[in-house]
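Structures given as structure tokens follow.
Look for subunit A in each of the two complexes below; its partner is subunit B in the first and subunit C in the second.
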Partner chain A sequence: MHEFRLPSLGADMESARVVEWLVAPGDTVKAGDLVAVLETDKGAIDIEIFEDAVIEALVAPLDVELPVGAVLATLRGGDDGAAATPSAMPPSATPAAPVAAAAPTPAAPPPQAPPALVPRAGTTTAPGADGFVRASPLARKQAAARAVDLATLAGSGPGGAVLAADVDGARAAATATPRPRGFDAASMRRAIGAAMSRSKREIPHYYLSQAVDLGLALTWLAEYNASVDVAKRLLPAVLLARAAARALAAHPAFNGHYVDEAFVPAAEINLGWAIALRGGGLIAPALRRADQGSLDELMAALRDLVKRARGGGLRGSELTAASVTVTSLGDRGADLVWPVIHPPQVAMIGFGGIATRPWVVDEGIAARPVVNVSLAADHRVSDGHAGSLLLEAIAAALAAPRDL
Partner chain B sequence: MNAPATLTYREALKLAIRAAIERDPRVFLMGEDVARYGGCYAVTKGLAAELGEERIRDTPLSESAFVGAGIGAALAGMRPIVEIMTVNFSLLALDQIVNTAATLPHMSGGQFAVPIVIRMATGAGRQLAAQHSHSLEGWYAHVPGLRVLAPATIEDARYMLAAALADPNPVLIFEHVMLYNANGELDPAVTAVDIEKAKIRRAGRDVTLVTYGGSLPKTLAAAETLAAEGIEAEVLDLRVLRPLDWDTLAASVARTHRCVVVDEGWKTGSLAAEISAGLVERVFFELDQPIARVCSAEVPIPYAAHMEQAALPQPEAIVAAARALVRPA
Partner chain C sequence: MSTTATRSLVAELLADIAPEAELDSVADGEDLRQALDLDSMDFLNLVVALHERTGVDIPEADYPRLFTLAGMSEYLGTG
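And then the complex of A and B:
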């Protein structure tokens, strides 16, 4: 028998409350299964277990503030006999900070919610004027059985229809005690403050920026979008995310964590994507392996992440998996963002608003869509020259949109 | 009976006919060219010499007359097997089958039974053009008073006839022309089959492919292709087109939540339409996708080989329909 302890979902997290168990004693769980819902500074987060085991007993009481490391449940099988370390971190998770005073949570200047990231009509099931939600009969039956409101789900079926798999992905909203899945703005602000203070105190930042012509990328995007269904259209943010991820693959000194006085490169490129929350919060869950797969898949992952960041249902591992953070201010954002690194990460990339600017082309001046790409990086790990090469690589990736 | 280890569908039918005639003196077979010529698909080749022309009887070229004679023989206590060359020609006997065979037991208040079995070929694929290639079994499946069978396997070809002869009411057996040369083994442990139930020919969890007769091999091929893509298709062979085995149909779709109906008939007013509607009535709340149908193009079946193939349900179309349900883009 061994213990499942309250995981740290970021260095700034000191405590949390279990508000709901998703398993019962005797249940067999597999690595990656959701076991409980925690109320944290970042709102309600679903936490996973990272081993195969049988739940022996649920130890933690509901709705009681518990410190990180507190025993939540006891397990049989799995790691029995192994060191009694909390096993709640995935391999790619942020390495545990030395003290319970580490700090993750988003980064710097709370970026304006990139308006472009709001899922569009056609990908969500917002009821039509008559209140009818497109959903399969099986999805209706399952939603009714689990008290899930179909209108809150994103449909993956034809025309955005909700399918059974979409209901499976959603958790029963109304369990014993219905509970809002929001976040407490004041406590989230305190957590952001703690993380950013630590960042400015400990990390010797340096900053670079470069203006990049997005003409080719946006022309390609417009052509691509004209050739696909409305629901399959891509947003510029996906090109920016993919370009950043590809550049990071070639410049690994910016992708990883600074732990115990040393840089530990990350095996995967998991972009923490800064998402502004309505009501003044900020969260940066991970877009896993953002350098891999098709743009379609990345778009779907981004939509899903934004939806869950705002509507509830983020997983604990998504808050700990980021190896670098990206913020994109979107169409109506400021020209340029100077990021504050999210410890223990070592870099953050910012994209300012895309604006039409005068640009020198072939000795003449043309109006081009331009974005300022900025980098804040940790001088303990890299130097400005390396940072320049990273920005150059992002610019080069955006100049060859077909290869993204 | 010395059933060889492997045999063709045609040989299985012949074994069934011989066994039925040997077992019961009331059983005889009649039709056009069945005796001296051996049957237009050679099912009865050699049987007349073996069993005598009393039991394998050539008839004049009049479907209405010899089907009517068969009905009369059945009313008089015989157990006739009537062979009609193809379902296309059975239209000439439609009055006898629908207005007489199917209705007499009801209209006589149960005083008269019509224990006739009518066999006929159906379907396309042999470049016999529009007047010899249609799949009209769905029309007969519309009619109360008839039992309609579609053997798609060697086993069903071998044993459905005996069960049909044992039925006191008219039974129609549809033999798809592309199955006659199909090879297979007979399980010596099986000596009879039911004519009530559909059968799952391949189990799968992701989608139910409902089919029968000549479309079964194509549907199984499609299921193989889907399996290579990670889609586990369940293949349901209807076997009995009337009355339909709704229990098996509904249970399968309730497990997989998705359904493609493969039917060589035309889509409009088809058996596939009936199955689709019947499933919606029974398991609407188990469906996660609309029911899809793969049917023949709505044209008289063409003669030209490439056009004929293009008009028929093919494995690629079945795969595409199933994939669209399981992995909606």
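And then the complex of A and C:
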């Protein structure tokens, strides 16, 4: 018999609650199976197990805040006799210090097919179907202020979404158990604050930026999108992600983790993709192996990831797999972003909003779509010269869109 | 398509794409992307859903005509 413990899902996670078991005592589970839904600072996350075993007993009570490492369940078979490892942690992770325990080690990817490339069967945002309550940001805020459980309200908005008016009409029933679902903006903000404070305290950042002409890339994209069905159209973000991943493949000093005073390069290029959550908040689950496969597959993975980040159904492994983070501010975004590295990663790449700017072409000036690509990187691992080469490689990849 | 019909169709489609969006608060002439904080992925998903529901082809070059409910109503009506 051995134990299944509460995994750390990132440098900023200290505790979580089990809100739902997806297995029962006696169940046989395989590596990669989902076993429980956790309520974390990042919202409801499905956690997987990374071994074949039989569930002996479910130990953790529901809806009780537990520290990382707490025993959630006991298991039979599988790794009996070996050291038990928390589910979302690769076996080689060192749980010595909280900081190290939070570090996803890059060496051992989960043995399953990359989940990010497989749209989750039955993914839905139907109210309650996955524990996520549809609600407007205002309704969430008011519900939190009055200790009203959104899940207990009948939403009158589209698809049953809870609107502010529904909260107005509801009385904070003293008997209702407060059980916030979705994500709690205040606790997510605290978690982001803790992780970013650690980053600024520990990581000697340096920053670079380069303006890149996207003319060729966007012309190619427009032609491509005109030639495919509307559902198969690609977003510029997919080209940016692929270009970043390709550049990282050639410049591995930016792809990996800083663990125990040393840089450990990652075996795969798993881009943490920063996704803004409506109502405030940010989460950066991994786009696995973003340098490989077709652009079509990358677009499908991105679409699936964004949907689940906002609608529920992210997996624990998706929060620990990122080897570097990318933020793209999108078509209405600011010109330039100076990222803060997500520890224990060693770099973060930012894409500002794409805007039409004057650009020198040959001897004249032309109007071109331009994006400012920025890099924040860890001086313990690389320096500005290497960073410049990385940005140059991203620019070069974007200048040859057919090869993306 | 009337603006009322467009509004109710868009509300239905957004329920799946951006469940927290409160379309009632958006005026016919307002840019939906700004008013509802839709990003390019949300907007593309809305275009895909509109195409699937109405059968209207929506080339990328026409996207700006769909930024408002009024524009969408006109576009879907003549498309």
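Quick note on the criterion: the second predicted complex is superposed on the first by the 307 of 404 C-alpha atoms of A that agree within 3 Å, B and C clash if a C-alpha of one lies under 4 Å from a C-alpha of the other, contacts with A are read in each partner's own complex, and residues count from 1 in each chain.
In this section, a contact is a pair of C-beta atoms (placed from the backbone, for glycine too) under 8 Å apart; a residue touches a chain by one contact, two chains touch by 3 or more.
Since the structure is predicted, the reported quantities are computational estimates derived from the model, not experimental observations.
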item: More subunit A residues in contact [subunit B versus subunit C]; value: C
item: Contacts of A:S15 with subunit B and subunit C, given as first, second, both or neither; value: neither
item: Which of subunit B and subunit C A:Q210 touches, first, second, both or neither; value: neither
item: Subunit B versus subunit C as contact partner of A:S187, first or second or both or neither; value: neither
item: Residues of subunit A contacting subunit B in one complex and subunit C in the other; value: 136-138, 157-158, 163-164
item: Subunit A to subunit B touching residues, read off their complex; value: 136-141, 156-158, 163-164
item: Complex contact set, residues of subunit C against subunit A; value: 11-12, 14-16, 18-23, 33-34, 37, 39-41, 44-45, 47-48, 51-52, 57-61
item: Residues of subunit A touching subunit C in the complex; value: 125, 134-138, 157-161, 163-164, 222, 225-226, 230-231, 233, 235-237, 276, 278-279, 302-303, 306, 310-311, 330-332
item: Sites on subunit B touched by subunit A in the complex; value: 257, 284-289, 328
